[in-house]
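Labels for the chains are A, B, C, D, E, F and G, by order of writing; each one numbers its residues from 1.
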Amino acid sequence: MTVGSHYSYWVTILLMIAGLYIVVARRNLIKKLIGLAIFQTSVYLLYIAPGKLIGGTAPIIAEGFTVYSNPLPHVLILTAIVVGVATLALGLALVVRIHEEYGSIEEDAILEIAERETTAQEQGGDRA
Amino acid sequence: MSPQSLMLLAVAAPVLGALGVVAAQRHPNLREALSFAAAGIALACVLALAPSVLSGGRPEVVLLEILPGAALAFRLEPLGMLFALVAAVLWPVSTLYSIGYMRGNDELHQPRFFACFALAIACTLGLAFAANLLTLFLFYELLTLITYPLVTHHQDEEARHAGRVYLGYLMGTSLTLMLIAIVATWAVAGTVEFTPGGILGGEISNAAVGGLLALFVFGIGKAAVMPMHRWLPAAMVAPTPVSALLHAVAVVKAGVFSVVKVIVYIFGVDRIAGLTSVDWLPFVAGFTIIAASVVALRADNLKRRLAYSTISQLSYVVLAAALLTPLSVIGAALHIVTHAIGKITLFFAAGAIYTAAHKTQVSELDGIARRMPWTMGAFTVGALSLIGIPPAAGFFSKWYIMLGAAQGGHWAALTVLGLSTLLNAAYFLPIIYAAYFRAPADAAHPHGEAPWPMLAAMAVTTTLVLAFFCAADVLLGFAQQIAGGAAG
Amino acid sequence: MSALVDALSWACLVAGAVFCIIGSVGLIRMPDFYTRVHAASVTDTAGAGLLLLGMMLQAGFTLVTVKLIIIGLLILFTSPTATHALCKAALMRDLKPLLAEGEATSKR
Amino acid sequence: MRDFFVLRVIAKLLIPFMLLFALYVQFHGDFGPGGGFQAGVMCAAAVIFYALIFGLPAARALVPDAVVESMLAVGVLIYAGVGVAGLLLGGNFLDYFVLAADPVAGQHRGIFLVEVGVLVTVSAVMLKIFYMFAGRSRNTPD
Amino acid sequence: MILDHLPALQVVVPLMAAPLIVLLRSGRAGWLIATLVSWFALAVAVMLFMRVQSVGVISYAIGNWPPPWGIEYRVDALNAFVLVLVSLIASVVLPYARTSIAAEVPADRHYLLYSMFVLCLCGLLGMAITGDVFNIFVFLEISSLSGYVLIGLGRDRRALHSAFQYLIMGTIGATFYIIGVGLLYLMTGTLNLADMTVRLAAVEETRPVRAALAFITVGLSLKIALFPLHVWLPGAYAGAPSAVVAFMAGTATKVSVYVMLRFVFGIFGVRLVLPDLHLLDMLMIFSAAAMITASLTALFQKDLKRLLAYSSVAQIGYITLGLSLANNDGVTASVAHLFNHGITKAALFMLVGGIVLRVGTCQVDALAGLARRMPVTCFGIVIAGLSLVGVPGTAGFITKWHLVLAALQDGQWWVVAVVGASSLLAAAYVWRFVEVAYMQPAPADAVTRSEAPLQMLVPACAMVAACIYFGFETSFSLGGARDAAAVLLGGLR
Amino acid sequence: MFTAAAAGLLVALALVLVRAVRGPSVFDRVLAANTTGTLSVMLLSVIGFLTGRPEFLDLAIIYGLLNVVGTIAVLKFFRYGNLGEPGKGGAE
Amino acid sequence: MIRFASLFIVLFLFWVVLSGFFTAFLLGAGVLSALAVAYFAARMQFVDHEGYPVQLSPGLLVYWPWLFLEIMKSAWAVSKIILSPALPVSPTMVKFIPGQRSVVGLVTHANSITLTPGTIAIEVQHDEFVVHGLTRESAHGCVDSEMNRRVRRFEGQA
């Protein structure tokens, strides 16, 4: 392990912790998603940072002829990014729907409403 | 028919009977006829099996390999045969009695009652035939579940509470202690087959044997060894035929049967006879005998008194098995039978009194023999059997247990037996005395005997109590084979 | 010749980078939003333009130069548009510009 | 304020070139992975730009919702279809080598088609998301 | 020839069906396609299972890139078993779903739901079948993302928030996993499971590898909903449409457990896991805590779905407990319980779906006297509930037997006690339902008799019957689990 | 010399980030982001030269285009509270 | 139609310049792409005097070099201000009437103003420009400027 890669570990860890902190500490759903995005970013860094991963040009020999450079790290990061974007988009879509239904994107308010509903339902159950 | 198919048929008949009862639930007469038919077939099968077992046959059926090396399998041996006989003989009798009781009291949900009753018998027979611990456990649990609707028959708050206690004790003990004991047995011995002489090899330590035995004895909650006895009095809220089923035919008998079977065929009497770690068992059993008798003495409710009497009597069987001598094992096997027919007679009588006179308390029974002479006659014979006075069958089993205790030099056990005999007498004789010699308190409320089916059932069981005293040879034949197996 | 081009491109690149830095410094130093926009303009125009020019000189008459020209055109069209939209939006959201003394908006 | 001349003119100028550039990236994607992805993003960005300047209804008229959803499905189908074509032609799933007589050409063809699938899917996804959010207001009015 | 491509077909067919359903935009067609696809998947899975039995490990190179460079689908006794489980549950739940979904989800979203359903199926099957650790991540996310959508489609608006929470937790879990995978890739330069196992031997004592182990374990524990990382599960299960939750409860967490098994035993091997990391010890403690705490929590739930959800958390404890014992019987129990609990929970949630349909709620208090109204459903719940408790004659018993055996072999008596206590608690919470449904009088205005429609009742009862069937006939469940355990522990002996 | 240019661009980026963090108004931040975009486009081009990989120019073009669209989108959102409103430059 | 054709040609040239490859496949793809984009642009109603002002192209060749020099001069001026310790700014806003008639001309003028450091065109209307200047001089310099005249001239070439 070189010093450089250790450095990248630290940045990765920093981003991870920052992202996780935001996810846990913020009660605003959008902010939670932002924290989540930051958290996911740490992964890209982990894959990119060590020089030996990106730009690797080890040829793949298939049945005797050389085809293209090894696209693996690229593909991995790209896939991770696509997944991250998809998650974020879905999360945002959910937040939009939550906002439509609850009129708020603050978790505390939503939980309070949900709590009230649950209680009402239980009492309804008792009556039934 | 081969013994194998007889065994299967014996178990299948009650199941089919139950299905028939459900199918014919709107036709009381047909439904009861079906019950009888099923009972008759089962009885016939079991009776047909008896000679071959008596002559040394051990018919075996493997149904399914559930776990590798532990199949769902039947193998009939003398102890199981004896137990199967008890169940098969008492089922038609109690069916007869139930018809009278259920009709006489206009009980609701009769189809469910008779269906569950039949299924309980199927479970009992399966348990009696079980070739290994796994099969036994399966039927043991099924029996608990299928008797639950019977215990909670009235579906009121009291019944619900009783059901909770019933399931809590029986499933709680079996799912935790007994299951663990079985798996531990498997882990040690690599098998759970019932084998003459036991299956625990030399590699298990003295302490481990003691621990395992404790797991079994307390895990088999149906044996009602204190402190696992609470479910039995709680279950008294059920209709009296159910109590008869619980106490005499199926449930508690399944418990003590399992205990005896485990001691004889898993541990092996000889294997553990010298071990210090099993010495505690006679004391626990002895304590249960005395303590339960004392409680019975103080109970005014007739069924409650009978319930504690059962707890006490069950521990006779446990005690006898725990004495680990050939004679006491014979006594244990015999006592399963004699207590069954004696106790069923008593419950039949209690139910008859309730049906005819709506009386439940001991203190209400003054002079009742004048109105219900037949019932009280049966009651007297049953009580004598339980106390152990000739010419009732109970004398025999108690005698063998005492012989076993003497043979093994267990003087404390002898003392317990003697003391408990006195206590038995103390809680039964006053009832009989009051019934015959006290003046009735409520002459203004006339009543006669219970409906005839109940009387007929009582007559049968009373006859059995007396008959077994005279013709104990048959029973003894089985019992001696067990002792032989235990020693082998 | 190539040494001259090299030196020229060197100068362009350094000058471009310096303009970029100056623009960024302005972005920090300027007193209000609108004046900062002016500073940013320096980066977008002189900075970017000179850098591109330097690279073009380096690349010569190749496909790369064409792409650099495309980048230049892109900036030429988009940068003022974005700046204009930004300032207009700011003004509409009532972000008042800081004006020099005596300078009300004059009209001729 | 009545008009946004500047934005309108620049958008009209820029969008065709954006789209063409996207297609260029798509067709020259062989020289680095992910061509379809970038191209898809660009295509969607061009339409989004259009929607920003000329309004969501105009954009929806240009690329209706149903089209977007179908594109989404078609893209995935193209991707999987190429793989199945490999299967049908006697190779393994996603086996490009069998897609043409010459294995290298076959691989070209396979990767190209897959990238087309990626382009369609990515642009559809981005548009779908944009449509989903564009119509909704922030909770705090101005 | 087609037989050679079974591994690809297993995943590709659901994958293609999902967009097809979107294209058709019809709920009915979507349902039909989804059902047929699930049956097809089941057929393929069974064929794969049988082939593995007869010819051993099947390796399939995607795109004909030879492993370890390309993605390899690799089927052995373990994942063939998981494939059968997942596709079996899907193929029973989908016929059930038609009526249930029609009642619970607005009609214009049906096609979306079925599309996401098969996509989720595709993801789960892919996770199980692939032999590439990164590909596992991709399929994990495919199944998760479609899962979030499926849960969010519940008719109750609380489902939305549950889906959001699930999304947050699930993404954190998946990200942890992919961080671990990245570290492993750094150290070994391969993403192929089998190859990685070989190459890891040289570097297994390094810090990054240990960090990778920690990341992957924590990440998967989140997806598994291992106590105390289970907080997302009850809400998600309570809010989702019944058919969805029947499918997901039976499969989603199970497949993640499978991945964990692969990593703990396949890649890291017990020689790394066992000695001084105490990973398995911690897993054991958390499992035990799950079994007790979650069961206790279940006991006090007022909503039947929630009750079952907490029960799932407890039952997952059984699975991870077997894993943590790391002996033959423990792993056998673990794998067998994947199956046994899968069918049991699926059956229960399907039956509860019927209750939701007829009663409109599954609040326990609202179900008084339900046994008279829905006798078959209630009886089914009792039977499946017994399997949950682990009563002999049910599938649940088979697992518990091996679990206790494993604990005894390990000399862990306290674990035995925990198993016992947990079954008692399970009996208690099943009991609550029985008492309400059977013992309490029905409200006066109750409809006399309204069973769930047959389309729902028949699949649900089939599942209940399976709970009994696999309590006796164990050659598949237990035999498969034994083979799987042999695969996993093969390297350890 | 490309290294020098890249270093200069990095310094400039750092300074711009200071503004982005300081704000104070949202427009300041958007301005900073927009400038970051220009600088990044330049940086990508320079890095392409530095590493001899002209594909980076394509990347730079993509980035530049997306940067404009992003800026306009943000502005629009802050002006109207949504993105779908027909812009006043739209079909009148 | 002429606009469409010339748009197609410009797009295709753009493709060729970008591509730099002359294989049949890529050229064919280029033709198709350019056609497709041109069609799309037509559907967006872009192919008009605003969106595609072919008429102006010759004028650009004269205008842009001049503009480039202007930009450099202003950039230098603004740089001096930024670097001077006193920061001698005098922000000023002016309003004036632009000399252009066409939309394209207005936009060109406005963007030129904005592109030149030191001035921003904030409001762009037919009858009114509002310009923000970094200093008094730069702001007032926009009124009746050389730029105004040049854009008008180049607009007039149409």
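Throughout what follows, contacts are C-beta pairs under 8 Å (C-beta built on N, C-alpha and C of every residue); 3 or more make two chains touch, one makes a residue touch a chain.
This structure is a prediction, so every number in the text was calculated from the model and none was measured.
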item: Given chain D and chain G, the chains that contact each of them; value: C
item: Touching both chain E and chain F (chains); value: D
item: Pair with more cross-chain C-beta pairs in contact, given A-E and A-D; value: A-E
item: Of all other chains, the one whose Cα centre sits farthest from chain A; value: B
item: Furthest chain, CA centroid comparison against chain C; value: B
item: For chain C paired with chain F, centre-to-centre distance based on mean C-alpha positions, whole Å; value: 12
item: Distance between the centres, which are taken as Cα means, of chain C and chain B, whole angstrom; value: 100
item: Distance from the mean Cα position of chain E to that of chain B, given in whole angstrom; value: 44
item: Whole-Å separation of chain centres (CA-atom averages), chain C against chain E; value: 58
item: Sequence positions of chain C contacting 2 or more other chains; value: 23, 25, 37, 63, 67, 70, 77-81, 83-85, 88, 92-93
item: Touching two or more other chains - residues of chain F; value: 58, 61, 65, 68, 72, 91
item: Residue list for chain E, restricted to those that touch at least two other chains; value: 64
item: Every chain pair in contact, whichever chains are involved; value: A-D, A-E, B-E, C-D, C-F, C-G, D-E, D-F, D-G
item: Contacting residues of chain G [partner chain C, same complex]; value: 17-18, 20, 68, 71-72, 75-76, 78-79, 81-83, 87, 89-96, 110-112, 114-124, 130, 132, 134, 136, 143-144
item: Chain D - residues contacting chain G, complex; value: 1-3, 5-6, 8-10, 12-13, 15-17, 19-21, 23-24, 27-28, 50, 54, 62
item: Residues of chain A that touch chain E when the two form their complex; value: 1, 12, 16, 20, 23, 29, 32, 36, 39-40, 42-43, 46-47, 50, 53, 60, 62, 72, 76, 79-80, 83, 86-87, 90-91, 94-95, 97-98, 101-102, 110-111, 114, 117-118, 121-122, 124-126, 128
item: Chain A-facing residues of chain E, complex; value: 64-66, 69, 134, 137-138, 141, 145, 148-149, 152, 157-158, 160-161, 163-164, 167-168, 171-172, 174-175, 178-179, 182-183, 185-186, 191, 208, 302-303, 361, 363-366, 443
item: Touching residues on chain C, where the partner in the complex is chain F; value: 9-10, 13-14, 16-18, 20-21, 23-25, 27-28, 33, 36-37, 40, 43-44, 47-48, 51-52, 54-55, 58-59, 63-64, 67-68, 70-71, 74-75, 78-79, 81-83, 85-86, 89-90, 92-93, 95
